[in-house]
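Please find one structure pasted underneath; my questions will follow.
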Amino acid sequence: MAMFSQNPLVNGPNYSISDMPRVNAPEGAREHRFDPYTDNGGSTLAIAGADFTVMAGDTRLTSGYSINSRHHPKLFKIGGTTADQKDATIVLSVVGFAADGEALKERLDAICKMYRYRHGKPMSVKACAQRLSTILYQKRFFPYYAYAILGGLDEEGKGAVYSYDPVGSYEREQCRAGGAAASLIMPFLDNQVNFKNQYIPHSGEGHALLERERRPLARHEVETLVKDAFDGAVERHIEVGDGLQMMIITKEGIEEVLLPLKKD
Amino acid sequence: MTSIGTGYDLANSIFSPDGRNFQVEYAVKAVENGGTSIGIRCKDGVVLAVEKIVTSKLLKPNANKRIATVDRHLGVVYSGMIPDGRHFIDRARDEARAWRDTFKTPISTADLASRMGGYMQAYTLYQSVRPFGITAIIGGFDSTDEPRVDGEVGTGPSCGAGGKVAGKTHGGPFLYMIEPSGLYWGYYGAATGKGRQAAKAELEKLDLGGPGGPSLTLEEAVKEAARIIYVAHDDSKDKEFELEMTWISGPDGPTKGLHQEVPKALREEAERLAKKAQEDDEDDEEEDVEGKEKMEE
Amino acid sequence: MDHRPQAWGRPRDDVYGAYDASYLQTSGPKTATQSPVVTGTSVIAIKFRDGVVMAADNLASYGSLARFTDVKRLRPFLSTSVVGFGGDVSDMQFLDRHLTELAIDESYEHEHSENPAKSQLNAANLHKYLSKLMYRRRNDFDPLWNQILVAGFDSSSKPFLASVDLRGTTFTSPSLASGFGAMLAQPIMRRYAATEEDAARLSREEAVNVVKECMKVLFYRDARSLDRYSIAVVTKDGVELSEDEQLEKQSWAFAERIRGYGTQTV
Amino acid sequence: MFRNNYDNDSVTFSPQGRIFQVEYAAEAVKQGSVVVGIASNTHAVLVAIKRNAEELSSYQKKLFPIDEHVGIAIAGLTSDARVLSNFMKQQCLGHRLTYGRSMPVRTLVEMIGSKAQINTQHYGKRPYGVGLLVAGVDDQGPHLFEFQPSGMTEEMVAFAIGARSQMARTYLEKNLDKFADCGREELIRHGLRALKESLVQDRELTVDNTSVGVAGLVASDQDGTTKVEPFTVYDQQEVSAWIDSVADDKEGGASAAEGEGGTMEVDS
């Protein structure tokens, strides 16, 4: 370096030579100004009943203030024998970064199909839920930016909902909202599904009132709740709207419903 | 085969004292057991044809093709061990793709022949592999237009530096044959497989290598190819066979520079003529015999 | 002659200035494409009763410089689908070459089929493939800096139109527009085809007119656009692609009334 | 130990240009119990005889689903078949993931053909000791392919491989012209009849030893488009009706077939 210093008076004319010492970064290290993530908005919701599970999500796909698509489903049937998933019994909902959600769905589905090929029987929701957690955790340091909810019926035929964070922490719950409007919907569910803050009037002194008795909700009640939850979310959140996709899982199979939401 | 049993023929890549590689010669034997393949380079294209012996009635008719396309403008036909031929074609397609990756333009027939000749030759060099049990015929039509660069977005300057040179010609029809040793030559007409002797004799009768270039047109070549396969088949008359034919013309011809199967109507016409020619020949022979007998009387 | 052989043949700093070696990345981690360089602007497309219409102008910009004015950004695939590219032009060329090879591979598989058209990759298959490719490249932190529209037909022979971008995000809609078009053209197209049912009622002529109208609006208001463009119509009969269209019936009357920009003094 | 000097490995040609190791591998296919496959214009079926090692042991599976549109029948070394089966499954899954469509059957078969060919050209490898019948449906309709240890793959109208399969093939050749227009049930019955031809004296088809696999194209009632009937393997009670339906024509042979497919050729 010194020989080609930038001082022309001392050394005469200088020449450009790239003989700077190469400081090697660790093998495979990359600098990037590319942001691999984006948030495609939207919201999802799942509620487990006594012998059914209702999964729901809006169908809007946004990037920034643009609506990319008014019909982009967030609910996917998983683990059927065929590509059309006619005999599937499990539903996965994903919200967050749509491309990661899609990739996550395809991996889980491929794993379910290999499981069936190897073991000759379908995967249980419980096993599938555990496997999904593993998939997410395996990408702990470059996570799927997706909030997943898995729904189905457990071994006893009861509704089962498993909810996840993007790196695989999961638990089985009665109900869960995910995505853009999760913070709007979740308190509503706490109150309406788990009867939080519902007390029987005059059942005690001051605030020491008896809680309202908890009971599992009937299917039609749940469906109404879901619709109400989304109508509310559409009103208050710009990334939610266009269409409501609902899947109701019962022992007869999966029923799919598509309802309109406000498109504003 | 005087050296059988001397031990020099038990492994590939071994020279015998008289400088032969027996395993390669045995691979040629495998080729000579296979159905006849031929290629004809004519005025405006190339025709490839193969005789496919029907080994079982249960084979689905016309479903199992033996002539394969490489890139878009090249065809490969082979005689010998069919799975080896499939491998050869897989490799040829890889080479064509690698060429495009590097040079952004389709591979020429000569370059593919060179690459594949090298590949076949490599299988004669090691004891850990065996030579290919096939002889392959590669036919192609290299673009007569100024070669386009893959992925180019505009048309570029029409003249001047980097532009087109008036009157410059490119490409044309080409034909090569590669043997198990990796040896290859360019041909006017090529034949291999069981009936190669008869086929070669017929090919030599055609005007393919004259000083003014071949006068045979594609359509004529198709008919000749069919006839030659029928002639070459003569010796093993007991077994049925299917005739498969493909052709490649220039951009103005019937295939527009692509390697394609000869249309069914034309192939059937060619087969009809081939059968007729054969029957005529037989009649002639019978007459000859009768004539002789009469003379003797 | 300089006494240092190392200096022979080198450009002199006092003539050319010191060489900026920063791009050589002699230190620090490896970098992949960090930003697009030569770019194409919007691609727009709309479905109609019997197919899809797509258009993109023929400009490749280098920053604000209109660098190449004869760049074709719509590419037919197997003469059954059309792919339109927005974003980096060199990445587009890479993809174009890749698709050429894909088309050749595809013809290998079906060269002997009785009815190749039936089993060849359709637009939906192609879009799926491209989305996997783009998503893999984003996972490698080496994205192809494009937004791509794919038009053609799906496996049930219905018109198909979908998009994939540099992150592998995919979506479909009766009309789609990339880049500036998402702001300017999409609202216009949605007036004509808000839903699939609307699109299924559009005639070919109506669809082409909407697209031409959108191209005009884009030329008026998108600074990196051109009035020469390519337009493709995909129907069951194949792809009709014209690559050297001129925007017609431009009106610049309104520009005279705009004040506060350019060289105007009042 | 060896019959000659040229049969030690698969990289040595005999003076006649043969590769004995590959030919011996083909013999392994004949050790396996017989499997039959037939394709019509709408369906592709596989039927197979399962063997058990002894009275009380279970029966060896012969039919394997690969993907929703393809299945295979195997004759020869089961463990080799499993390797190929896993490979095919993976390829089909990958193709579906990448392109969103089912893999063309010919493409799939040629893949295992290429894989098998490599094993016949390199020292230290051995040819696969298994033959396959691959049945499936794709956009071009139903297909049946035969795969041999040499890497040879051919599309067939109908075929049988495995022990004593020549008798089954003879049956298939005699009835060749009928298959194209056969319905699903009749096609299965043809398969079972061919299978019976290959049975050893005083053995017969039972629900325990018979497997049936079917893939097909079904015309959808709504819009005239065709839908795929996914490849499904039937065992045990599921096959009893089919077995019963071909049980009575044991001696008469032709009687059942005559009803639907016209007169059957009878060996003179």
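When the chains are written out, they are named A, B, C and D in that same order, and each has its own residue count from 1.
FYI, contacts are C-beta pairs under 8 Å (C-beta built on N, C-alpha and C of every residue); 3 or more make two chains touch, one makes a residue touch a chain.
In this text, all values refer to a predicted model and were calculated from it rather than measured experimentally.
Novice: For the pairs B-C and A-C, output the one whose chains share more C-beta pairs in contact.
Specialist: A-C
Novice: Determine the centre-to-centre distance between chain B and chain C, using the mean Cα coordinates as centres, and give it in whole Å.
Specialist: A distance of 42 Å separates the two centres.
Novice: When the C-alpha atoms of chain A and chain C are each averaged to a single point, how far apart are the two points in Å?
Specialist: From the centre of chain A to the centre of chain C is 31 Å.
Novice: CA centre of chain A versus CA centre of chain B: separation in Å?
Specialist: 58
Novice: CA centre of chain C versus CA centre of chain D: separation in Å?
Specialist: Distance between chain centres: 48 Å.
Novice: Residues of chain C that contact two or more other chains, please.
Specialist: Within chain C, residues 112 contact more than one other chain.
Novice: Considering chain D alone, which of its residues make contact with at least two other chains?
Specialist: Residues 97.
Novice: Could you list which residues of chain B touch at least two other chains?
Specialist: Each of 63 in chain B touches at least two other chains.
Novice: Go through the chains and record each pair that touches.
Specialist: Touching chain pairs, listed by label, come out as A-C, A-D, B-C, B-D, C-D.
Novice: Mind pulling up the chain D residues that touch chain A in the complex?
Specialist: Touching chain A from chain D are residues 65, 68, 89, 93, 96-97, 102, 228, 230.
Novice: Which bits of chain C are touching chain B when the two form their complex?
Specialist: Going through chain C, the ones touching chain B are 60, 68, 70-73, 89, 92-94, 96-97, 100-101, 104-105, 107-108, 111-112.
Novice: Across the complex, what residues on chain C touch chain D?
Specialist: Touching chain D from chain C are residues 109-110, 112-115, 118-119, 121, 124-125, 128-129, 132, 155-156.
Novice: Which part of chain C faces chain A closely enough to touch in the complex?
Specialist: 2, 4, 6-7, 10-16, 18-19, 21, 24, 26-35, 131, 135, 138-139, 141, 143, 163, 167-173, 182-183, 186
Novice: Help me check something: in the complex, which residues belonging to chain A touch chain C?
Specialist: Listed in rising order, the residues of chain A that touch chain C are 3-4, 6, 8, 12-23, 25-26, 28-34, 36-38, 40, 61, 63, 66, 68-72, 97-99, 102-103, 142.
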